[in-house]
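In order of appearance the chains are A, B and C, and numbering begins at 1 in each one.
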Amino acid sequence: MSLQATIQPGAPRWWEGDLPHDFVRSPVALVAAASTLLIVAVAMGAGLIAPYDSNDPASANVIDARLPPGSSGMTGHYYLLGTDPQGRDMLSAILFGTRMSLMVGASSVLLAALIGIVLGLVCGYFRGLLDAIVMRIADVQLGFPAILIALLIDGITRTVVDRATHDRLAIPVLVVAIAASFWVQYARTVRGLVLVERGKEYVLAAMVTGVSPLRIIASHIRPNVMGSVLVIGTINLALAILTEATLSFLGVGVPPTQPSLGSLVRIGNEFLFSGDWWISICPGAMLVALCLSVNLLGDWLRDALNPRLSSG
Amino acid sequence: MAEPLLSVRNLRVEIATRRGTLLAVDDASFDIAEGEVLGVVGESGAGKSITGGAIIGLLEPPLRHVGGEIRLAGRRIDDLDAEAMRRLRGRHIGAIFQDPLTSLNPLMTVGRQLVQTMIAHLDLSPREARARAAQLLAEVGLPAAQERLDSYPHELSGGMRQRVVLALAFCCEPQLIIADEPTTALDVSVQAQVIEVLRRMCRERATAVMLITHDMGVIAEIADHIAVMYAGRIIEIGRAEAILRAPAHPYTRGLMACIPSMHRRYRDLPQIEGSMPRLDAIPSGCAFHPRCPSRLPRCDRERPVLAPAGATQSACWLTAACDQMQDIVAARHA
Amino acid sequence: MLDLGADILCVQGLTKRFAVRRPWVMQAISRQSRPMVHAVEDVSLVIDRGTTFALVGESGCGKSTIARCIAGILTPTAGTMTFMGADIMARRSRRDPRRRHLQMIFQDPYASLNPRWRVGRIIAEPIVTHRLITGRGRIEARTAELLMLVGLVPQDARKYPHQFSGGQRQRISIARALASEPAFLICDEPTSALDVSVQAQILNLMRGLQRQLGLSYLLISHNLAVVAHMADRVGVMYLGRLVEWGAAQDVLERPQHPYTRMLLDAVPDVGTRRERRQPFKGEVPSPIQPPSGCAFHPRCPLAEARCARERPHPVAVGAGWVACHAVKKS
């Protein structure tokens, strides 16, 4: 007879469980969470915090181009992190860029999760032909690297629509492209969990009671499989941000008028060896900080949830 | 009186949890003589598996052995280091667990597991070990024993697997076997066969057995002595016939009465109200007092100890002669 | 139109076979037809209103499969099932309103309640699904009634399943089953996962509810003592077939079929101390390739040549039925 049953039968509610307890005792988790929150807050508040609106072309002064960090330009403005080749303030550019990276990253993760969870739930519950088809598509897609898929979708869109429309649609297309490469993980994990839950007796009881399948999936099964999705989502977020950065670096991501961290790195890339290091390194450092924090948080979350999952 | 083979005195096992330390086994004491079968009964959470685990040295954190002595053939074994305990296990103490599927290594053939165990503990050549393995398999009633040596566990049925587990437990001729729910996962017909094999092999080798189970029927078949556990404590202990025919402790009486039997019908089963307390909420005094139909005023204040009560020893204020109990309590505090 | 006849459930020739899952490539390569698990073969039984019919047998005998076929979780391969006069075989019959009179309670008290739902919501689900009562206040009142009926308190509706013990969870399952005002309850090993003292409480509760509400039970169990205590009629199953059935007292005290005899002999009873017993030979064969003729013949002490060829037809013996060549018609 399990020891757990003697002490506390079943899984405790999340707020009285081990998770918050582990959280406050883990320095890694605290630092990672604080750092992530800080970056997110600062980025989201870019419009209020940034000294200049870097998306506004009027704020760029070509006279002040390529100034090193900490210098004042001829216009009298102070540039904490220097300027880029067009005279834009690096600090503001980084703040707005981080916001863009976060938004694209988060949106694509949410979209991927939505697609993946829905497909996972439906395939896992109903099985049959639909399940076979979707899983084979998933298997095939896993053979392609995420970047390739994103490039593919972006390339197709470019050829299909004209330049102006493409510029307008660039960000949604980017989000869809990244989501399309990540949904498989969610779908597979959720499907596996659904297969397990489906055989459990509380689901059978609902079937015998006469509850409709859609209701069973939505109100019974879904709440019990969402836990794992959270873990995947956190780890995926860093990956999504990096994917977007890579695509933007390659020039097929966000449009140049609304740069993200990746595009900023790209812009500074040419000047790296002529000594103007800050144009690439500063956005790069921010990217590293962001992804590291998110990753560490996700890793801690996965480990913290794991022993509970396996001993339950 | 000959010295008992296994002697356990005042065993205490704790569990470390986030919310504090809980007592899983509280002051358990019992003896098992050579060749005897002690049945440890109790419901889930009573602490019987943990007691078995403590004796064989397989307690994993958060469980911790914190008190009491365990002696095997006169020698203390609870304070041995890991290496010495490892040599003791298998050679002197054998184990049988509940689930035959996870008790055997799925990647090794049955014969190889037996041979490996024997070579590790006994001084045998591989050929001798293999011959003995075949002999053992035949003894536990496995048909075509010689061929079976090369079978993998998943090729055998549940009953056959449990017999292999039996063979593994006996292969080094241990003096004591700890059997934790050996028949619970088996069908009734297979259960009978496995019990029969266990009984025969113990008789032939004069092996002592500590049989842990919640199934009173199995205990009735095979046990010489019975210890009844409740909330980590032994609340009654005595010869099997005495416990089965005339139990003294109200919990044991209630337990025996509420088991449905083939021969009673048309009456509601007597039942014990409530359920066994969780380890973090053990009542003061006698752990059973909230559910006891014969509760006395002192039962919620003073914790009873085992004292003679008729043909058995029972930890109950009602059954013990009061003066005898007080003598024992006084002697312990002295 | 509700049929108020004496039988509440009538099952004829129920058969359920499962195809063994194999990778389709292997299936395509090997020319043989897909191997089938013969879980249930040609089972017929009738349950009278207000009584308890128990199905006993060891693991793999098909008793749980029958329960799930009747409950509508599995679709039978063949046979007919009539519940309260209505045919419940067809898939579309699952939406039949009479279905709400058929409910089920399960073995594992830890898996039969959704861990994320409060107890009140769990119990109210059948009421909401079948729209038996509307209005939140009235539903809550009914939930409180049901909780008290099974020996819990109305305050328990606010709690989550993990805050209850195994026995209490089983009571909640019973309350949920009773919420749709059923006439018939399938109980699949309802007390096998419970301690003995808790089992006694639950069995007493079930008997009390049967008397109070006029329920009929189909009890699935491998525990013969529990069956002896609860059942009016008993059916013994072996490898998917019903080998003997009749009044509980007859079957359990004067068993006719050799398998029933050996099964009863093998039960360790607290009353019998160390009596010499008739040992069982061998083990239950695989249901993928059941033995020819009578499924029990490889292990039967009374087996003859005929037993390997012909499947025995049930014959009436006293008030019961036995499917065995060695038993003569009475």
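Quick note on the criterion: contacts are C-beta pairs under 8 Å (C-beta built on N, C-alpha and C of every residue); 3 or more make two chains touch, one makes a residue touch a chain.
These numbers were taken from a predicted model, which means no experiment stands behind them.
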* Asked: If you take the mean of the Cα atoms for each chain, which one ends up farthest from chain A?
  -> B
* **Contact-richer chain pair (by C-beta pairs counted) among B-C and A-C** => B-C
* Measure off the straight-line distance from the CA centroid of chain A to the CA centroid of chain B, and report it in whole Å. => 54
* Round to the nearest whole Å and give the separation of the Cα centres of chain B and chain C. => 33
* **Approximate Å spacing (C-alpha centroids) for the pair chain A, chain C** => 50
* Asked: Which parts of chain B, given as residue numbers and ranges, touch two or more other chains?
  -> 44
* Two or more other chains in contact with one residue: find those residues in chain C. => 165
* Considering chain A alone, which of its residues make contact with at least two other chains? -> 5, 8
* chain C-facing residues of chain A, complex -> 5, 8-13, 200-202, 204-211, 220, 223-224
* Contact footprint of chain A on chain C as seen in their complex -> 68, 71-73, 94-95, 99-100, 102-104, 106-108, 110-116, 125-126, 129-130, 160-166, 173, 176, 180
* **chain B residues within the chain C interface of the complex** => 43-44, 157, 159-160, 187-193, 195-196, 214-218, 220-222, 241, 244, 254-256, 258-265, 268-273, 275-276
* Asked: Which of the residues in chain C come into contact with chain B in the complex?
  -> 58-59, 165, 167-168, 195-201, 203-204, 207-208, 222-226, 228-229, 249, 252, 262-274, 277, 279-280, 283-284
